[in-house]
Amino acid sequence: MIVVEDVHKHFGGFHAVDGASLEIQNGSITGLIGPNGAGKTTLFNVIAGVLPPTSGRVFMDGEDITGLPPHELFHKGLLRTFQIAHEFSSMSCRENLMMVPGTQSGESLWNTWFGRKRIADEERALRAKADEVLEFLTIEHLADHKAGQVSGGQKKLLELGRTMMVDAKIVFLDEVGAGVNRTLLMTIADTILRLNKERGYTFVVIEHDMDFIGKICDPVICMAEGKVLAEGTLDEIKANEHVIEAYLGTGLKNKDKLEAGA
Amino acid sequence: MDFLNALVALSNFVLVPAIAYGSQLALGALGVTLIYGILRFSNFAHGDTMAFGAMIAVMVTWALQAAGVSLGPLPTALLALPFAILGCIVLVLVTDRLVYRFYREQKAKPVILVIVSMGVMFIMNGLVRFIIGPDDQRFSDGARFLIKARDFKAWSGLSEGLAIRTSQVITVVVAVIAVAALFWFLNKTRTGKSMRAYSDNEDLALLSGINPERVVMITWIIVAALATTAGVLYGLDKSFKPFVYFQLLLPIFASAIVGGLGNPLGAIAGGFIIAFSEVTITYAWKKVLTYLAPENLEPSGLVQFLSTDYKFAVSFAILLIVLLFKPTGLFKGKVI
Amino acid sequence: MSEPLKNTLLFVVVGALIVLTGFTQSWNAAILIINMGLISAIMSIGVNLQWGFAGLFNVGVMGFVALGGLAVVLVSTPPTPGAWSGGGYGVILSLLLGAATVVAAVMVAQKMPKGRTQTFAIIGILVVGFFVYRAIFDPNVASIEAIDPAVAGNIGGLNLPVLFAWPAGGLLAAGAAWLIGKTALGLRSDYLAIATLGIAEIIIAVMKNEDWLARGVKNVYGIPRPAPVVGYEVELQQDPSFLARAEWFGLDPVTASTLSVKLGYSLLFLIVLLVLLWMAQMALKSPWGRMMRAIRDNEVAAEAMGKDVTRRHLQIFVLGSAICGIAGAMMTTLDGQLTPGTYNPLRFTFLVWVMVIVGGSGNNFGAVLGAFLIWFLWVQVEPMGLWLMNLITSGMPDGSALKAHLIESAAHMRLFTMGLILLIVLRFSPRGLIPEK
Amino acid sequence: DDVKLGVLFGFTGPIESLAPAMGSGAEMAMAEVTESGKLLDGATVTGSRADTGCIDNGLATSNGERMIADGVSGIIGGDCSGVTGAILQNVAIPNGMVMISPSATSPGLSTMEDNGLFFRTAPSDAREGQVMADILKDRGISSIALTYTNNDYGKGLADAIQSSFEAAGGEVTIVAAHEDGKADYSAEVGALASAGGDILVVAGYLDQGGLGIIQSALDSGAFDTFGLPGGMIGDSLPSNVGPDLNGSFGQIAGSGGEGAEKYFAMAEAAGYDGSSPYSPESYDAAALFMLAMQAAGSTAPAEYGAKIMDVANAPGEKIYPGELAKGLELLAAGQEIDYVGASGVELIGPGESAGSYREIEVTDGENKTVNFR
Amino acid sequence: MSDNPYQDDHGNKDASITNTHGVGSMTPAHRKSGETHKVEGGPFLIGDTMTGGYGKGPDILHDCTIAVDKGEIAVIVGPNGAGKSTAMKAVFGMLDVRAGSVRLDGEDITNLSPQDRVVRGMGFVPQTSNIFTSMTVEENLEMGAFIRRDDFSDTMEQVYDLFPILRDKRNQAAGELSGGQRQQVAVGRALMTQPKVLMLDEPTAGVSPIVMDELFDRIIEVSRTGLPILMVEQNARQALEIADKGYVLVQGRNAYTGTGKELLADPEVRKSFLGG
């Protein structure tokens, strides 16, 4: 369980996150929505250790993780994906997955010279696991392709795949939908649901696409001006006046006029 | 009286030289910073570009002197400056055409250009020595001083003298004019704004109908003019020697970075910070303190923080401290 | 042409150039090129590790090479009698105090709450620490430097075999690199290049001005050779068994002795190069190398995948610098003297960069090839340039100013050529002669 | 037949501006001998130039090896003390080659094990320090500020001046190094001025940092008079600095005006600046080689090496620049000579030159010799 | 390591030697404009059966056609990597069109440089980084009018009338604005040339529903002034609702073409591209 307690993040005089408090239950898929500039990404970066908060605390399963760097959070089971896919482009898709596990003895220089047998054994196991993940994502045919040269959607799948190489507890997804084709987005949604069910991952999803949110998220948190504006199921949120006013809006004003004009 | 003496001693040995040196560094740093801001790489060949420009100025000055042309109390080199700038412009544009443009067309990463500029540095280094030789060349003429230390003493009745050299005054004046003109150009003219736009976002500049090659060309022209001016002013103040210009690269970079790379205002501030810190921290305060301290408390030692051997270290220590507390330099944010 | 064939061919060509030198000039000259080539190759491997594998732009190679040289003096020369008791310990004490001051200031900066008290505390600690340090340091240094300044005036070394100095040089450089990396790589935006450029100059300034350390600009001559592998020519020329062997080879004693000494060095250098090359290759082809490639491809993602990017960068920066330090120690051993005035960035930083770029950054074999090729040219361009100038000017009348000028300028062809080669390779084979796979 | 002499100077690098005049000096001596046709049955002598980079040991030794391969009979060089040591240890001694350096003045080289192969025509710094202290005392100067170029020459000389002057009861207010070829010397001059002193002694090079320091010190009114050791004596200094330098004084190695003046005239005729530092010494170094060869009747280093001291020192007839032919004739006739040359050559002990000094004072914008020491 | 050897920077991030801010990625197909010639008839702007790719790379577009006529909004949709942005770039001259042609207002402009296309009245708002962040809103608009030599204060007033919020923020750095406001600046900048046709690449990517609606409203208003609009959209459903003409691109080919309503009604299109 992630608990965010009164987090503030200021850039100079600007309060990007201004006293946000929220809880994320284990096993849930929580949606995080809000107008542009509401501070979602910033809050997310604070939780994921990319930015230190100005004040406030973040707890994970009761442990204070405020300000820990991303690589340490990774070892605690907190993983993230990126809005724009961050693949390791010169490496094959398989290598992209194989590099993930954090406790490889082959990452110690000493072992590369004097522990070659152990490395070889570990590599074999890693490889098997990577192939398994590729199969799960239905991209096993791309194992030896350079990750830089697969399609955008496949890169996103690869990102998800990386979270499967280790036993992640909680995965943060930043705008998986932005600029992603609908059909592919729904495939990703299915994968997320599967991971949630089959592996018990907790997800936190930032998204502007209400269909996507509706398909997978419960609960949904809406932020505005650095604070949590509303929290609840999607239907509750959709009905919330403040949310409509700040975020959802009431649809196109000019639509009928256009049709009338045409 | 003692206070005045202390003040004059301080001005004479710290303020005046530091201001002149600071202006020279600032002009050099401006060039580096413009290239960094617009062409997006640190130009290791900048010192040698300065040398090249100054070299042409030296040769034109000789020719003018031989022809009997002079500017009276002002150095003839000022007359040669426009020719030198022209020559330097030709050089950088030819270099750009032969070398850099290819990489721009390839959309090469900026660091490739840094490495390329290393190659250009080697070549220009050789070229300048090939043409004018490695020797020290003097080309300053005209009146050397605006105020001589002796005259000042006689005039003021103080025991300390104050000397102000013509070249120092020219340096500061030219630097002020150049900087003001550059700022006006960048912020007020259409071309200047297009350069800022290109620096901000190359693609969008292209889509707005700004010709990138023209921006690059104008940048090189300005850089060549700045480099030549800095090189000539430096040479007038000291002397022309190719090797020294390579050595100038380091303080110039330090200035540009302390101020915030890519920011012209920063380059100027950085130049003065580096110059002042080099001079003040290694200055022996004995003389000044002797004037100021009461009768019996005069300092016995030199009252020097660091020996002058380490003046380089000072500029770098300052650089590191600035970067530690303000990682993007003093004037961060706005590039160009 | 297949990759391996092309690469082998490139090595063969460079080898042939050196062999040609052996035939046309002398074998001594050729082997000397090989020896300096081996040292340069080690430097290139160090820089290649940093640039090719981690994208760290180190333009302070000179500083680490110089530190390696310093280590040779501190390890292999005999201690100066009376220097330790006469001030050596005092100097060490003051240096420790100085370090403690900095550590204390950093601790205050980290631990104390921000505010005016903190600022005053830091400034207070630094000022007090500085004056205490100077108060102990200055008199002790003065007393060391007073000991026979014309030939000593320094604390001397540990009098150990010079081979120990090579790893020691690596350690010294590694220590400095750790400090630099800790500061510069920790900066929010990366400012490594300019930091290394400056710190290299500072290292040289310290070596030039701290006479108590290694005589400063007064130089240390007569550094012992790595016996028994490398002997002394003059002794060999008097050694009957050596003379007998020389005769058996059909060589005159002078040539035989000079060659044998140089070959001794070659052997040692080659061993070091092969060991380092093997280590670099092994590391590269392991999960460690994969991780480094991942970091190079995308730092942010690697960080999110649990890789401690800053630590890895520090690791590789320290390693690369240590390798440069080892090479520096080897070079000082080969020279037989430490001359701090000889370190200059054009030769020791930028030239090594040319080697790496021309050879092929990201490929260890490329770096080695580049080192040999560029060193060969660095030495041989001048005679070629002179020959060329003589050819060009052959038609001109004797005593013409232009002719004299051109011939005089031949030496400057070297810089020119290095730049030209760099540009040509970058243009037509941008990844170097042997590109990364 | 043809005798080859290596000319191994730093044609690139920090003293690249001195090297050409040094090279020309050496080559002029060779040309003189070749034209005379008096050396060993009319041998011709040619110089073979190579670069040391002044500060590049690797390059210098490589080029040294190349010269050996070229078959030189002796090496004139190196120039900077650092590379000179490297060439000596790694090339000259192993190959039994004789080396005469015109400009390496570091005392460290004197103590090096050289098997009698190393000589220099420039006197070592220790001696010059003594001479300078004497001059300062004689002129009634009680305190000096001292700055030196930060290399073995400057440092060694500054040490020598300081200790000699203090031993003679003078006060040295500050000793500060300056780097050659740096951008700006305000900081150094500020410190020197603050420390004060009757005069400023500049142990540097006249077309390098030394000039910058003097210029800057004069401009700011920090000092009016300067002490000028050998590296600062040359025509270019008074002409570059102007009348303000009048009254400054110093010394430079050289016996009497005769040899030097003659040499300067010869150099001028040949179209280069003979007064450039170490140019006379280079001429002398080349001359010594050829005279010693003549005396030994051989161009083998092992044979003529021992004769170098003989031809350089008394007894014998004094030989000045331009008189090499005469020297060769005398030697051929089995007589002794005492080569004085352009710089008043006198060799003492292994690898050292004693040399006498000219005391110089700048008057009316020219270096005037006022005394010999 | 990228495939272009000149772009291999070994992951260098050193800010003291490289400035990666605002580096461009677009390469004009023609730096100097070539011939143009008159063509009779056809739509106002058309990229006709274009085939081409980046640099020396493989073809990305295959006989792809997109067009827009006066007073129309034409929308291009399709999966990621289908070549939508590429098609837009091809029309704008950022891509070597190896076969096919681009025609504007009865003139074949295939060989024109991008700058000259701006002069002929094409306005383009790219998908990302479409404002000058360090310049003020007003300077952004001025840069939009860079090619104009006449007095453009009228046009600026028009833009301010269209996007009133920009008038309030005219002296603020554009980088300090919110996402939606930035998009307005971007469109405003393109309008400053008084273009004869406006091309928008995913103007609503990553903006909240309310801002998206606002943007669509503005786009409709712009279109009402008679300006033809060609845009790429991922929010395909909303976009097709306001579109007069729709193109579905798949792997660089025209998969479906029709009016917005036709495409919305097509079950095949709905299933494959609109997420059911």
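First chain written, first letter: the chains are A, B, C, D and E, and each begins at residue 1.
By definition in this document, contacts are C-beta pairs under 8 Å (C-beta built on N, C-alpha and C of every residue); 3 or more make two chains touch, one makes a residue touch a chain.
Every value quoted in this text rests on a predicted model; they were computed, and no experiment measured them.
Annotation of chain C and chain E: jointly contacted by A, B, touch as defined at the top.
For chain pairs A-C and C-D, the one joined by more C-beta pairs in contact is C-D.
Between chain D and chain E, the centres computed from C-alpha atoms are 74 Å apart.
The distance from the centre of chain B to the centre of chain D, with each centre set as the mean of the Cα atoms, comes to 36 Å.
Rounded to whole angstrom units, the spacing between the C-alpha centres of chain A and chain E is 30. Distance between chain B and chain E, defined via averaged C-alpha coordinates, is recorded as 43 Å. Shown for chain E are the residues in touch with two or more other chains, namely 1, 6, 8-10, 12, 14-17. In chain C, 57, 189, 191, 193-195, 208-209, 297-298, 408, 412, 414-415, 430 are the positions where the chain touches two or more neighbouring chains simultaneously. The residues of chain A that reach two or more other chains are 89-90, listed in rising order. The complete set of chain-chain contacts reads A-C, A-E, B-C, B-D, B-E, C-D, C-E. Contact residues on chain C toward chain D in their complex (touch as defined above): 25-26, 28-29, 32-33, 36, 39, 149-151, 208-209, 211, 215-219, 221-222, 233-234, 254, 257-258, 261, 331, 334-337, 339, 341-344, 347, 375, 378-379, 382-383, 386, 404, 408, 411-412, 414-415.
Across the interface of their complex, chain B is touched by residues 4, 6-10, 12, 14-28, 31, 92, 114-115, 118-119, 124, 126, 129-135, 139, 142-144, 146-147, 189, 193 of chain E. Those residues of chain A whose C-beta lies close enough to touch chain C in the complex are 48, 69-71, 74-75, 79-80, 82, 86-91, 95-96, 98-100, 102, 104, 106-109, 111-113, 116, 119, 122-123, 162, 166. Across the complex, chain E meets chain A through its residues 1-3, 78-81, 127, 178-180, 202, 205-214, 216-217, 220-221, 223-224, 234, 236, 238, 241-242, 244, 272-276.
For chain E in complex with chain C, the residues that touch the partner chain are 1, 5-6, 8-17.
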